[in-house]
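After this come two complexes, each holding chain A, first together with chain B and then together with chain C.
Right after this comes the complex of A and B.
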């Protein structure tokens, strides 16, 4: 199977994000719509129900480097969140603690990352973690 | 210029026409008009950004036909406390979350998870009604002929092939089999070898080995007769205990793997289709492998438990980790064409029906999802 080049992949993801294909529990798009390198992205995750994250909207910054999707994007929470895989000072998602980034596959997308983070919030151990006040940021 | 924006909220989807120069506050007012969600309870998300009231639609570069998500807050939060609300109108993302949460909780990759989705209803290899006796118990193991028949089915064959060429599936098989774990890296090599694949998928080879099994069994009666023992998971079958049988086969396999003759390929299946080692026994109690766990060497019984898994769940053959919109792309389009626009419900319905549009329609119309 031939590899889809970075720009095509990101354009596809951009379209999916803007048109709202995919589940509504997450959303993503370019931080600056004029950014031709398509490096910096915004993401949001709607906290999963039946957890301390319910009804919260978490904002994230996603950076797709020049080697994306061969290499995972850098993902950083802007909204404060208490999650084992998130560095509590910077908000960064620590790749070695988060399986989707650690075992990155080329077929993964930003949506994969956001949905998996959301799943991570909903795990039995994480869903009851005390969470900082909504609206606070890293 | 007037543009149309799709507003999505849980199960609902509205189309809102609005001037591109309008502010977000004005947009919220327009949404309140169609959705009965008051402006101050609306939180709008577009392209990963929370939209702020004083900004304009233009400034966020929202264009005609684009979608924004709406999350209800405030009012909704109060009613959510009463627990009834999520089930009723709101349920923000409850539907999509259910499957993903389940998957999240097991952490790793487990294709058998999917079994609960009834996605594989009607698949070959699942115990059929005839498997259960009048008293509801299992009264006959799958007949050898049935198994053969199953293996000759090109669908099953291709699924087995696919399964064995998926490294993740191999990992899973190894993890779920203590004996395979003990084998270490060899196990992976073995499972991935074309030879092994051939063994598992070639009906002729299986037929051969079944004859072999019958011989080894000292002409023991066929599947059904010995099954009571098997169905009870390791209770002695008439004449010969399961352990004896398995060890018998194990010893045989050991010698023949060394000699590396044609029989080597056939032998492991002696146990596989030995009625005493019943795939459904493995499914029901997971003890097939356990019963023989004290045999550290290459143990054919583990093929049985493996094939037990595979036979019971042909679907792991195609563990599919693509996001649903990709996996069900064509089906979703069909559902859209039929006027079902609620992505989450459509996906949930397709999950339940195993990708069948017809089944999904039934589920959607019955309100099952």
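Right after this comes the complex of A and C.
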């Protein structure tokens, strides 16, 4: 397999996001439609059912730096959430505490990150964690 | 990296030994399927005297699949969007393996010479072009001066 360059990879992800391919439980798009470096993205995760996150919509900010996808994006929750991998002051997803960012592979996408975060919300221990008031932000 | 297909090697060589006037295409040292491209704005078009930077990538399935091409330089054109994506039939539905990097870049250059505002790529530039062609061309000239000056 050859290495698809950053920009064409991000254009593919953008198209998949715009066309609404993939699951309905998460979405993502460019923060600024004019930014041709395609660095800043916003994402949403629909809280998984049968958990304290049920029916909540979480907003996130995703930053794909110049070395993406060789390096993972920086991911930060805007909506307040109580999860072990999320820094409780900044909302940042701490890479060393979140396997998808820690063991990053070039084939992973923003969608991988969002779906894996959603899975993390639904684990036996995390789904029962008390959650901040809905709608509060970091 | 997997070895490069002969077809790509030949095309790359020919781009160097027999370049297309007004167009350069050079592969990156660390990714021979990824080209840095420049296209000179065609004479007589609003892009005249501009030098536009593009990037081109040959996907794994090339030549069964079309190359991916994008403008890096900002350009005011009804068939090129704000992210530099190009609306050109041969890059999508009308791609044929008989086409080459060279023919693709010539088509992009031709698109600069004759914009097609009636193409379904719906954007504000196309609308401007249809409503006020002279004004739109003036804007295109200004953008060329501002972003693509040689």
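In the analysis below, the second predicted complex is superposed on the first by the 138 of 138 C-alpha atoms of A that agree within 3 Å, B and C clash if a C-alpha of one lies under 4 Å from a C-alpha of the other, contacts with A are read in each partner's own complex, and residues count from 1 in each chain.
Here is the rule we use: a contact is a pair of C-beta atoms (placed from the backbone, for glycine too) under 8 Å apart; a residue touches a chain by one contact, two chains touch by 3 or more.
Model, not experiment: these values are computed from the prediction.
K.L.:
Consider chain A as the common anchor and indicate whether chain B and chain C clash or fit when overlaid.
P.N.:
Fit.
K.L.:
A:48 in the overlay: touching chain B, chain C, both, or neither? Say first, second, both or neither.
P.N.:
In the superposition, A:48 contacts chain B only.
K.L.:
Go through the superposed model and pick first if A:11 touches only chain B, second if only chain C, both, or neither.
P.N.:
In the superposition, A:11 touches chain C alone.
K.L.:
For A:67 in the superposed arrangement: first (chain B), second (chain C), both or neither?
P.N.:
After superposing on A, A:67 lies clear of both chain B and chain C.
K.L.:
According to the contact criterion defined above, which of chain B and chain C contacts more residues of chain A?
P.N.:
In the superposed model, B touches more residues of chain A.
K.L.:
Contact-wise, after the overlay, does A:33 reach chain B, chain C, both or neither (first, second, both, neither)?
P.N.:
Touch partners of A:33: chain B and chain C.
K.L.:
Going by the contact rule set out at the top, does A:122 touch chain B (first), chain C (second), both, or neither?
P.N.:
A:122 contacts chain B only, not chain C.
K.L.:
On the A-aligned overlay, A:89 touches which partner chain: chain B = first, chain C = second, or both, or neither?
P.N.:
neither
K.L.:
Draw lines from the C-alpha centre of chain A to the C-alpha centres of chain B and chain C: what angle do they form, to the nearest 10°?
P.N.:
100
K.L.:
Which partner does A:2 reach: the first (chain B), the second (chain C), both, or neither?
P.N.:
Touch partner of A:2: chain C, not chain B.
K.L.:
Minimum Cα separation, chain B versus chain C, post-superposition (Å)?
P.N.:
8
K.L.:
Share the list of chain A residues that count as touching for chain B in one structure and for chain C in the other.
P.N.:
In chain A, residues 33 are touched by chain B and also by chain C.
K.L.:
Give the list of chain A residues in touch with chain C in this complex.
P.N.:
1-5, 7-8, 11, 14, 33-34, 36, 38
K.L.:
Under the definition above, what is the set of chain C residues touching chain A in their complex?
P.N.:
Touching chain A: residues 1-2, 31, 33-34, 55, 57-60, 68, 70, 72, 74, 82-85 of chain C.
K.L.:
Give the list of chain B residues in touch with chain A in this complex.
P.N.:
Touch list, chain B to chain A: 6, 8-10, 43, 45-50, 61, 63, 65-69, 71, 73, 76-77, 80, 86, 91-94, 96-97, 100-101, 103-105, 107, 322-325, 343-344, 347.
K.L.:
Please output the residues of chain A touching chain B within their complex, sorted ascending.
P.N.:
It is residues 16-25, 27-30, 33, 41-44, 46, 48-49, 54-55, 57, 59-60, 62, 99, 107, 109, 111-112, 115-116, 118-120, 122-124 of chain A that touch chain B.
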